[in-house]
Amino acid sequence: MTKPLLVAENISKYYDGRVACEKVNFELWPGEVLAIVGESGSGKTTLLKCLSMQIAPNAGRVLYSLRDGRTESLSDLSEAERRFLMRTDWGFVHQDPREGLRMGVSAGANVGERLMAVGERHYGRIRSTALDWLNRVEIAGDRIDESPRNYSGGMRQRLQIARNLVTAPRLVFMDEPTGGLDVSVQARLLDLLRGLVRTLGLSVVIVTHDLAVARLLSTRILVMQQGKVIETGLTDQVLEDPQAPYTQLLVSSVLQV
Amino acid sequence: MTTGYNFAYLNEQTKRMIRRALLKAVAIPGYQVPFASREMPMPYGWGTGGVQVTASILTPGDTLKVIDQGADDTTNAVSIRKFFVRTAGVATTEETEKASIIQTRHRVPEASLREDQILVYQVPIPEPLRFLEPRETETRKMHALEEYGIMHVKLYEDIARHGHIATAYAYPAKVNGRYVFDPSPIPKFDNPKLDDCAALQLFGAGREKRIYAVPPYTKVTSLDFEDHPFSVQKWEEPCALCGSTTTYLDEIILDDKGKRMFVCSDTDHCRKAQEKAA
Amino acid sequence: MYVAVKGGEKAIDAAHRLLGEERRGNPDIPEITTTQIGEQLTLAVDRVMTEGSLYDRELAAVAIKQARGDLIEAIFLIRASRTTLPRYGYSTPIETSDMLIRRRISAAFKDMPGGQILGPTFDYTHRLLEFEASETPAAPVETGPADLDRTMPRVLDLIGAEGLIEAASSTSGEPGDLTREPLAFPADRDLRLQSLVRGDEGFLLALGYSTQRGYGRSHPFAGEIRYGEVAVSFTPEELGFEIEIGAIDITECEMINQFKGSAGVPPQFTRGYGLSFGQCERKAMSMALVDRALRVRELDEEQTAPAQDEEFVLSHADNVQATGFVEHLKLPHYVDFQAELELLRRLRREAQGLDQEAAE
């Protein structure tokens, strides 16, 4: 019997008494891609940070179904368990790849780091796994020993994705993964992401202000305005037939371009 | 012996504090125990950690040997030995076998040590993660959670660039399967001597205020990869004085035309070998 | 036949004899006395006491003489000597508002109760070398009416009443003791201040200066700088009441800094605090700037500049530690250097080998 991978219950976060996000509830099922959309300041990034335990919510909790079958509230996990989760079962793709990469070490080491962190001690195997992953994210194998400083923005982003996926995480958080890229580069990255998500059966929570990204990648969508979820549903349905006036506005202003 | 100071310079209160840290260090092999390091009458970075450890364990019946770079006659070794002669009046020796306490900087004696001996290391930077992560708050957490992946990232980079691991001294190792530690800037040649050693090994870092230990007969494993195992330096020629081929050699430049020779860095061991041969 | 280098011990002895000779200088010139140093190089003595963490003018003068005027070396001598002193207990906190004032200025107010007292200062002197520097004054300087009440309230206490400035923080519980427990991070303000008092004047000066130039700007005003004598009291356990055991000269600086306010705290002025033995005014001011800069965490400000980085500042402020580790590079490192030589030769051989293969 399957159960949700992640459950958000009444997540609220306030800054100086101002609402950043309030009473957010949803379930994320295995293999599902959930897009959180809204304009900047709508609270979507705060929500993502609460879900991934980068900040503590003021109220509510996040339940996560661990690999061993237990379901735990993330705030009840010890720091050791949380950090282990972050480098094995989870991935986090930052908008700025420099935040997610070690810019001072080679691409191969960037991909290999998580393997070494979980105890892999065979150089040859680490290297061939890294090569395999570079190949999967369409980076030429002969660039494995280069620093990501030499890479273009799109390559860095693909390297960051490889670095995250190498330990076969079950859940990946993405914060505007195509945000800083040119339109043509964005399209290629989205294509790649869609392929990886499908073949690996990843569960993803992706934050984006771009409804086109949401439409291409996500199965379900959650629309936020001023810290609150104002509409939620299957992506196709919401985008075809938005109910909330704000969603209607978003859809009409963006998708017709 | 200079009077006016307590035996071995430190007052008894301070020695007790250091001994408590030492006990903790022995109980948790490889764990860096913070201690309230005192200002000593020699500069920080010149062995104040080792000197405080030695001062705290020294008894009037001890025989002390002090080496720096493997030799008893190097300036800093002479200075530290003199300090203990002046403040504690203990017997000193240059012979490894006769010493009950050996304080060292940068070398482990060639002769294997016994259970009734203690080796005290002077440590400049005790934190093996320091050059990968400068923040103490973060490195403490990494040790606590056993997050040592980044150490292997460094080794991976070495192999990717040079074909093999390119760390020649202060080579990191894991103690008792738990804590990664810095064996102090000894050449990696000496790392195998730390493993399963009969003597108690104590490490003092004065400026950084840390003490750690490797108890007798404890496993010390130098970090490596299965397919790039740890290995030590080798020389193409034997020691020019004693003919040894199994010891760590120093290079001596003889003239300005590139002529050089190699001799043992452990001067006591070399002298013994020469006497034996004669 | 090569013989291994010997004679380290003799060389060291000879070097130290030579040092003694150099220290004395030309024997035809009268030897400087420590009393002269104590009386005439007072600011050097003050600095050595402050950074040496030991209030003893005579010992500081001896140290300065022995160190040939190298103040960091003198501080080092004092610290090493301090190590051997037994600790009898802690004095009760000194009360700087009861200070017997010799100098007291505020840059924030034109006038305040007690007034501005310039006292002995280099301020407003023209920095012209005085070649005829016989400084014996013709007559004692008139310092004001004899009945002038030299105890005066602290300036920041005067504006504190209005709530415009944060209360001077009173930490609950006993302050820590840096010399008895190793510093751990994050460090609370009590330990940060202890670190800063011992910290190198030049280092803190540069850091304080950097905050003024925009690296962690905090808009300081010199609320008050006061220098004078305060009583030191001690409560012996067996007596159970406080007795005055002496008096020390200190300089105290309280900076007033802007603060935008944060969650639950309305905008108000905040404080930076500096203290030194004797008259180390530059040190006290720099310390106050750095103290304020280091309060980013507690005031929920963004950390952007070196002066706000607690681990960076506190780990590198101590000049005895710094000088030891920098100068330890003079010690022999030839075992490690040999290891590097061997490695480098091997890497180069391999690189050449690879090149040859490529050429074949």
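All chains are identified by letter, namely A, B and C, in their written order; residue positions are counted from 1 within each chain.
The rule we apply is simple: contacts are C-beta pairs under 8 Å (C-beta built on N, C-alpha and C of every residue); 3 or more make two chains touch, one makes a residue touch a chain.
Please read all numbers here as calculations on a predicted model, not as lab measurements.
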Please flag the chain sitting at the greatest distance from chain B, going by CA centroids.
A
Across all chain pairs, which one has the most C-beta contacts?
B-C
The distance between the C-alpha centres of chain A and chain B, rounded to whole Å, is 47
Calculate how many whole Å lie between the centre of chain B and the centre of chain C, each centre taken as the average of the chain's C-alpha atoms.
33
Touching at least two other chains at once: which residues of chain A meet that condition?
none
Residues of chain A that touch chain B when the two form their complex:
79-80, 83-84, 87, 102, 105-106, 108-109, 112-114, 116-118, 121-124, 126-127, 144-145
Chain C-touching residues of chain B, taken from the complex the two chains share:
5-6, 9-11, 13-14, 34-41, 43-46, 48, 68-71, 73-79, 82, 105-107, 124, 134-137, 162-163, 166, 168-170, 185-189, 207, 209, 233, 235, 240-241, 248-252, 254, 261, 263, 265, 267, 270
Help me check something: in the complex, which residues belonging to chain C touch chain B?
2, 4-9, 11-12, 76, 79-80, 82-84, 86-87, 179-186, 311, 315, 320-321, 323-328, 331-336, 338-343, 347, 350
Within their complex, state which residues of chain B touch chain A.
141, 144-145, 147-150, 152-153, 156-157, 159-161, 224-228
